[in-house]
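Each of the next two complexes has chain A plus one other chain: chain B in the first, chain C in the second.
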Partner chain A sequence: MEQLFLNGILVGLLISLISLSVYPVICLVRFFHFAHAVVIAAGAYFSFLLSRCFGWPMGIAIPLAILLSAGLGCLMEVAVYKPLRKREAKPIVFILASLGLYTVLQNVISLVFGDDTKSIRTGPVREGLNFLGARITPIQIITIVTAIVVVVGLLLFMKYTRLGKAMRTVANDANLARVVGIDSDRVIMWAFAIGSGLAGLAGILMALDTDMTPTMGMRPFMMGIVAMIIGGKDSIIGIVLGALLLAFAQQYGAYYLGSEWQDAIAFAILLIFLLFRPQGFLGKKV
Partner chain B sequence: MDYLIHILILIGIYVMLSSSLNLVAGYTGMLSIAHAAFYGVGAYTVALMSLNLHTPFLVNLVCAIIICGIFGAVVGIPSLRIKDDYFIIAAFAFQIIAFSVMNNWVSFTKGPMGLPGIPQPNLFGWKISSYPDFLLLTVIMCVVCLLICWRITHSPYGRVLQAIREDETFALSLGKNVAGYKISVFVLGAMLTALPGALYTTYISYIDPSSFTVDESIFIISIMIIGGAGRLWGPVLGAVVLVMLPELLRFVGMPNSIAANMRQIFYGGALVVCMLWRPQGLVGKADVLRK
Partner chain C sequence: MKKNRFIVIVVLLVVLVSLLVTNLVNTRKRHVGQGRIVVGAVIDLTGPIAMYGNWMKDGAELALEHWNAIDGNEDAILLVQDSQSDVKKGVSAFQYLLANNDGVPAVLIGPNSSTVLACAPLANKSKVVLFTPTASSPNISNSGEFIFRNRSSGAQEMIELARVISEKFQIKEVGFIALNNDAGIAYEQAFVSAFETRGGQVLQTELLDLGVADFRTQVFKMKNANIDAVVLGSPAKEAATVIKQAAELNYKPKWFSATPIENPTLIEIAGSFADGLVYVAETVDHNNPLFSDFAQKFMDKFGYEPNVFCANAYDGTTILLQAIVSSHGKPDQMLQYLHSLDEYNGVAGKQAFDKQGDVVKKLSVKTVKNGTFQIFTKP
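Coming up: the complex of A and B.
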């Protein structure tokens, strides 16, 4: 039972990390950026490329992979979303374009690296450390610490920095932001850079824990979206609580029903929220 | 020759799938990522009935239509409460849950092992078994499906659907029962997927959950969008182009392992390019996806 609780915390924080990586983007562009799922996988594959194919040390490979993921996010914004925004396309057009981007990029990864599982782990698999009657691996500890740092960091960033305030302004009202001299395109670009960088980081952490496949991003991304909806998509605390609720429901559901039903449980919770409380439990009523 | 007929039958299946989606998404403006799930519900209904109950094809087909309609109502009701991208996520959720049930309820659907040996259809003593027989059945079903779509879209009912797509509040202000229209067209779209579902099941005579994934839903959406949403002939053209073109990759001698990925890249790329430069698709009306 301790293990179940610990897994709940771990998965919940990982989902929070992914949910928060897409949070700046969705806040500003107001559509579900499906191609974000492929950035998660891209982060893992960039680190694989740099550390395994080029033989660079992890200390260089991981930061560079995060930067490359951020670049990939910006590239999508410049090449596709920005022209669509200039044309004032309908939300549905953005979503279709992002589904298309997802399909293309995911298959590019499969084409280049193959569909089989790749690993960036070094050394043999060690038995986890004992922690209050549950087992935890060093990489899981790193994941938990990183996720907490990101949550706190993003909270402070959105509240106190100039860029964070600008993001909140654009998210609130893009026209009004322009009136006070905020360049909304530049702010959105930053949101893509920060969000995609965090997604790359999440992908690398996942790969260090459980290796990588080209489709590894979609499932956690959808969980992140579910967490965002059930938590209320305008509040960082809400998102973290939503992610933890989701993770515990999944872990305990898997314990009683079998692990193959995890996805069904998550999306059943989502449907319940969409039907009865679409603004999430901390969201404001629209 | 058999290969050519096989491609034609596939085109027919996708014409029906994307035409039924066109009613929901192209004409009414509700983009549903759950279409492959309805397709799967129809296919599994026919397969399970013919394997377990040994009922004739026509009975199975009617049951599949009814069951797809019921599921359509179950998913369509959320569309009353939520709009736009939230509706997309809700449909997505149904798609994931449906796939999960097909894949995990092993005692009922045999899970990833799939259901082999589904008997070929028998219509009023006409035993459908050869490729040309199936082609004729496909053509009949396609004509029926397109006639239904044509009749719906050229009726007062269809005009209200298009009004809802253009401006929901305005349609409401004219005293139209927007919720009723939305649910009924969603149910109708789901019912129509039972036709390709039944055809696919009996034609391939084997089904497993991998034919009814999210990717399949995205493919159906691509066909509708690239062909031209909101036009009767859009999905037909889209299905011909998107099913035929990747087959050409086979003839330029591309190995199979690469061809599968290249095909997906082609679909996705076509969708992005279409959104950037021609959101109305090949023959679509200019204003369906434009502001």
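Coming up: the complex of A and C.
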């Protein structure tokens, strides 16, 4: 059972990472940015392009891939969302635009790289290391450590930096933020950059563990959104707790009920929260 | 009251006219003798099973090229629709082919068995031959008189695999990991039935969702149940991921599988942990001059060595074109032609269709050795 617990921690922290990557964006723009799912895949494919096609070392390819993912997110904001905001488009228009972006970019990845599985793993498959009776691979340890660093880093960033405070202000009330002299467009751009960079990082970690396909981003993105709703979208700690609850419910549910119930369990939890605690674990009641 | 009656009459008229139009579409002579033959194709060219789809498309395209190069043959074109590894999109693509281009007389379809099964009722109703060179679900055998395939049924493969496991390996207890779709479930049912008949027992079944990459819980359940032999009834990518994640969990049972496993993806993902896997597969005879010639031309055109899926698609397309020409595109005559084929000699070997539109092919027992797919000699 140690293995099941470890799997829960690993999956939960990975969902946390994805959820936290979309957190700055959703808090500020207030619509489900579906195209974020393709940024997760793009991070993995950028690292594949740089390391496998250009032959660059992973130490250079990975940071560059994260920067390129951040750039992709900013490009979406500049080219699509900002003009729509200027025109005061309705929320449904933003959602349709983001779905359109997702479809187009996912097809671009398919066209350029093909639909077959690509790998950026550097060595052969090896047995996992024995850790308290469970098996864990080096990349899974890196994923867990990275996710913890991101959670702590994001907490500190949002609480203590000027930009973090500005993000919280814009998220609370964009008009008020404008009155006190905050350039909300600039803050939103930063939210896209940070969120997309983190999405790229999550994609790379996923690809190092389980390889990559062009559609790899959508399912984890949906789980990230569910975790955010469960945890409460205003709280980083709440999101992490939501992700862990979701992951443990899925892992133990799959073990005791059957793996075909994994998604049903996730959405059943979502429904329960929406009905009985819509603000999530630690979200503020409106 | 009068207004309601008027509405009812209008609705009835609309329904009547629709039925008449539908009937006209279904019965008119389709695309033969007008200077070209149009064959539809609904293929998964993108999405998780795109690799099999692209093999199928390449085989079909080469068949078409060869057909058009023969003097006296009516020109043929292939209208390819991408079903994106998605059943709903596959059905929409099939409906598009039925509704446009004056209705195609036959459609090549695959590799997703669920898409074939979802399109089958429409094909039977519209009297359009649905031909799959790649889909293997046992349920396709009973999906209607207009459904044909030259890919061996998964049931045939599972029956043979059950025999190999119990006779050659003397294994009486296994676990089964199947894809959570129509084909996967049907594979599992066929195997359980055949294995239990031989006195074996399937201790545990786990399901995998297509496109998912984390199967650690399913693997861990198998490991925890101390299962020493596991049958993988899934495409290569999912099977390879299971083997890789099992190795990472220090779980190394004896792996068994079927035709879809013969895919370079298996070696790329699972590496040396795929070695020793034994599978039952439809194979091509490399000594057959027809196949050698096809393989050379295929290599020249596409730059890679063709496999059984490419060869099946080549044969399937050629058979369909011959059937359309012989029957002048008339549905019932096409059926007669296909059933009358007595051992069609194709690049993938000799093929004849039974009453259910299935081919019965010779299967080989193969294994993975040093990262290559080889004929299995002994346990």
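Following the convention adopted for this analysis, the second predicted complex is superposed on the first by the 286 of 286 C-alpha atoms of A that agree within 3 Å, B and C clash if a C-alpha of one lies under 4 Å from a C-alpha of the other, contacts with A are read in each partner's own complex, and residues count from 1 in each chain.
Going forward, contacts are C-beta pairs under 8 Å (C-beta built on N, C-alpha and C of every residue); 3 or more make two chains touch, one makes a residue touch a chain.
Keep in mind that this is a model prediction, so the values were computed, not measured.
Taken together in the superposed arrangement on chain A, chain B and chain C clash. In the superposed pair of complexes, A:119 makes contact with chain C only, with no contact to chain B. Within the superposed three-chain model, A:268 lies in touch with chain B and out of touch with chain C [touch as defined at top].
When the shared chain is aligned, chain C comes close enough to touch A:3, but chain B does not. With both structures placed on the common chain, the touch criterion links A:135 to chain C but leaves chain B unconnected. By the document's definition of touching, both partners, chain B and chain C, reach A:260.
When the shared chain is aligned, chain B comes close enough to touch A:31, but chain C does not. By the touch criterion defined above, A:176 lies against neither chain B nor chain C after alignment on the C-alpha atoms of chain A. Among chain B and chain C, the chain that touches a larger number of residues in chain A is B. Of the two partner chains, both chain B and chain C are touched by A:110.
In the superposed pair of complexes, A:96 makes contact with chain B only, with no contact to chain C.
Common to the chain B and chain C interfaces on chain A are residues 107, 110, 258, 260, 263.
Chain C meets chain A in the complex at residues 45-48, 50-51, 180, 206-209, 211-218, 220-221, 237, 241, 244, 247-250, 265, 268-273. Of all residues in chain A, only 3-4, 7, 11, 107, 110, 114-117, 119, 124-128, 135, 137, 206, 210-211, 213-216, 219, 251, 254-255, 258-260, 262-263 touch chain C in the complex they form.
Interface of chain A with chain B (complex): residues 31-32, 80, 83-84, 88-97, 99-104, 106-108, 110-111, 218, 222, 225-226, 229, 258, 260-261, 263-264, 267-268, 270-271, 274-275, 278.
Residues 29, 31, 78, 81-82, 84-86, 88-90, 92-94, 96-97, 100-101, 103-104, 214-215, 218, 221-222, 225, 258, 261-262, 264-265, 267-272, 274-276, 279, 289-291 of chain B are the ones touching chain A in the complex.
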